[in-house]
């Protein structure tokens, strides 16, 4: 209770202190980077000391120490400063990698690759955690919190353009630029199609469930058990019937439907997407305040008018929430679809795993992660917006 | 006995309770009353150390409360709150037996105690023992809450707006039952409320609080007749104070005793309040009421003159 | 009252029916896959073998269950422990961060987490267990927090006011009241783990995902079907088990 009445008081922020200390430890103990002469050979690890020498190492610790000092007396002003420091440290990470590239890779090794070491990964992770903590403590709005990531991303772009040429990820990307862009396209297309189809179907099913009570229990039971079937299994189970259909129905085969490829992937994605979509739409339409509906009816609105002008707008934020869950889920599941030849970013993950080429795995996994986070943030912000609109 | 000596409580910059001193005698029902945020709940919760006081001393039967282990202290006191705080996953009987079980009473003794409490509070054992809290009405749940507070037979009972969420009729019934219970059990009760009628109806000692300080304390009648300042007067009902006072006095104390001869006219019980008597006079257009005892025998007469009469009559 | 318990018992028997039936189907499919040979021959008329034989299905099932069980048990212990820790007075400072992390983390696709775990932890069974454990923590932490915070504050206040110690409050009041929500989180976590473990077959863990991957690689649809059938049955068995557990705890 005393905390609630005394925010940002004199008590040290234990969370930031722990994160900072863990960060310092990881920075000093773990490898900052690894250097490999070419793609096949595994890399040789280098600590922060190798990258910058003793004075450089000490200098690199300074901002973190400053953040620890600020966290010791967490007034609002101190926390703002600490947030600034965290953003600056995030933006400095690419520069640190470029420094490592310049000092550890000789110019006569054009094939050499710079891998990001555990020290930098852990520092990145802890800094992001510190950012989340500071954002929460300072109660920053969602979009501003997102905007704070811009300086680090811009810094990354600048250093990637020049200075980080040996970065393994960059080389991997350059080597497969066309395939990468195509994979992103395929991935987005698959997700977009699945979400769009399941939205249409989902709303229709939800409406049917509102009208026929018997549909409700049966429908939810069916969708629920569908959701529990592992994706790999569902893709597999769809393989045989679709292959049979393609073999026996000519126009389907002409459309490109076959046991493997986009058809089973899309079908399975739609199947998984239906549960969150139907559930949210149903709940959203069902939970509109009955007083409001009564009032609308009392004023003489027709059923159609009530649905379009009252029920649907009021239900929109919750339906959008369903779209958000569906989209994030589909982005992840579409990666698995690569196993049955549906393309997309999952291809890189599974090829990379097959060849034990970790950079390639990262090339597939990182964009999927970013896509999921961005979709979540954008649709979440949109839903907040709608909610506010509905409230005002 | 509970004694607060110069007690304060600060939350950061704000002072919730500011240097208050109080003595609550054994068997006395003290009601802390005031507007919301005046510090009455904080004061109550400092007594069982749900909130630690910042300054001053609080004594229970002469011992500082800081000397006890928190849990030991709390098990010695009953505690009832507005939301009842009944454990939704336990039956009524198990809820009531909570503190005895914490005190490791033998099962047979707990059972007997729960049974007697349920009977005392009008909750028949065979009907209610196995019910879950969600199956109870508001009034029943609050009875269970009170029974649970009384379970280990504590000398002290702390009650934080226990009847605040009930409808007026149930609330009045429970207030009445609490008074009767108190007449029998003679606990030291500290009762917090913002409902002035409830405070006046229950209190042996009324403590009016405002902004963390005690504005005035004493017998309800004393406060009604001589409020220390405008705040106390307005809190006590302003122009309605006459009626509030009338609600505290009974017909029996004000009537003119008569011999046991039957009289014509409207009849009223000697236990009725003067307020009820006045209402009856207004309603029946009667200037005179016949006062009867429990057997329905006329024992006196109350005239309008006498009802509104000078205080020297008492 | 005896009538009521009678009805309850009858209901309980019916609820046990589903998990037992699914489990029987699962075991039957594991043991009797060979006898379905004719059926699979229809799907793959040209292949030399139509029933996956590189490993015994029971062994694959055992490995699958083992990986999921170890990861899930550890995730329950750590997840519930962490959520309880950050809702105590000493750990309260960490509550906002942990709550945020649990909800942000759930937008990470499990495949991506599995893929990212490999460069760090290497191939094999242990990395998969660690990846499943990490990912499985999130729904458990989130639901435990939701369950604990959903408890009527009056109940906690009364419990403390009656003189319950912190441990008594946690064990007798908070955990029992939060149990349904926690269990729902565990159910989600285990469901995801079963699915992700199957994908783990691509990073060198041998389990029910093997026949599927092998079938895809060798173009043998029958293998794929066998793996998919068994994983599906495993998922339904476990899920119906949770469905059976859930109402008894409410």
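Per-chain numbering from 1; labels A, B and C assigned in written order.
Everything below uses one rule, namely that a contact is a pair of C-beta atoms (placed from the backbone, for glycine too) under 8 Å apart; a residue touches a chain by one contact, two chains touch by 3 or more.
Note that the structure is a prediction, hence the values are computed from the model and not measured.
Greatest Cα centroid separation from chain A: this falls to B.
Across A-C and B-C, the chain pair carrying more C-beta contacts is A-C. The geometric centre of chain A is 58 Å away from that of chain B, both derived from CA atoms.
With centres set at the average Cα position, the gap from chain A to chain C is 22 Å. Chain B and chain C have centres, each the mean of its CA atoms, that are 53 Å apart.
For chain C in complex with chain B, the residues that touch the partner chain are 1, 152-165, 168, 173, 176-177. In the complex of the two chains, the chain C residues touching chain A come out as 43, 92-94, 96-97, 100-101, 104, 107-112, 115-116, 118-120, 123, 191, 194-195, 198-199, 202-203, 209, 212-213, 215-216, 221, 224-225, 227-229, 231-232, 235-236, 239. Of all residues in chain B, those touching chain C in their complex are 48, 50, 70-76, 79, 81-89, 98-99, 102, 130, 145, 148, 158. Per the touch definition, chain A reaches chain C in the complex via residues 3, 13-15, 118, 121, 129, 132-133, 136-137, 225, 227-237, 239-240, 243, 259-260, 328-329, 331-333, 335-336, 339-340, 346, 349-350, 352-354, 356, 358, 361-362, 364-366, 368-369, 372-373, 376.
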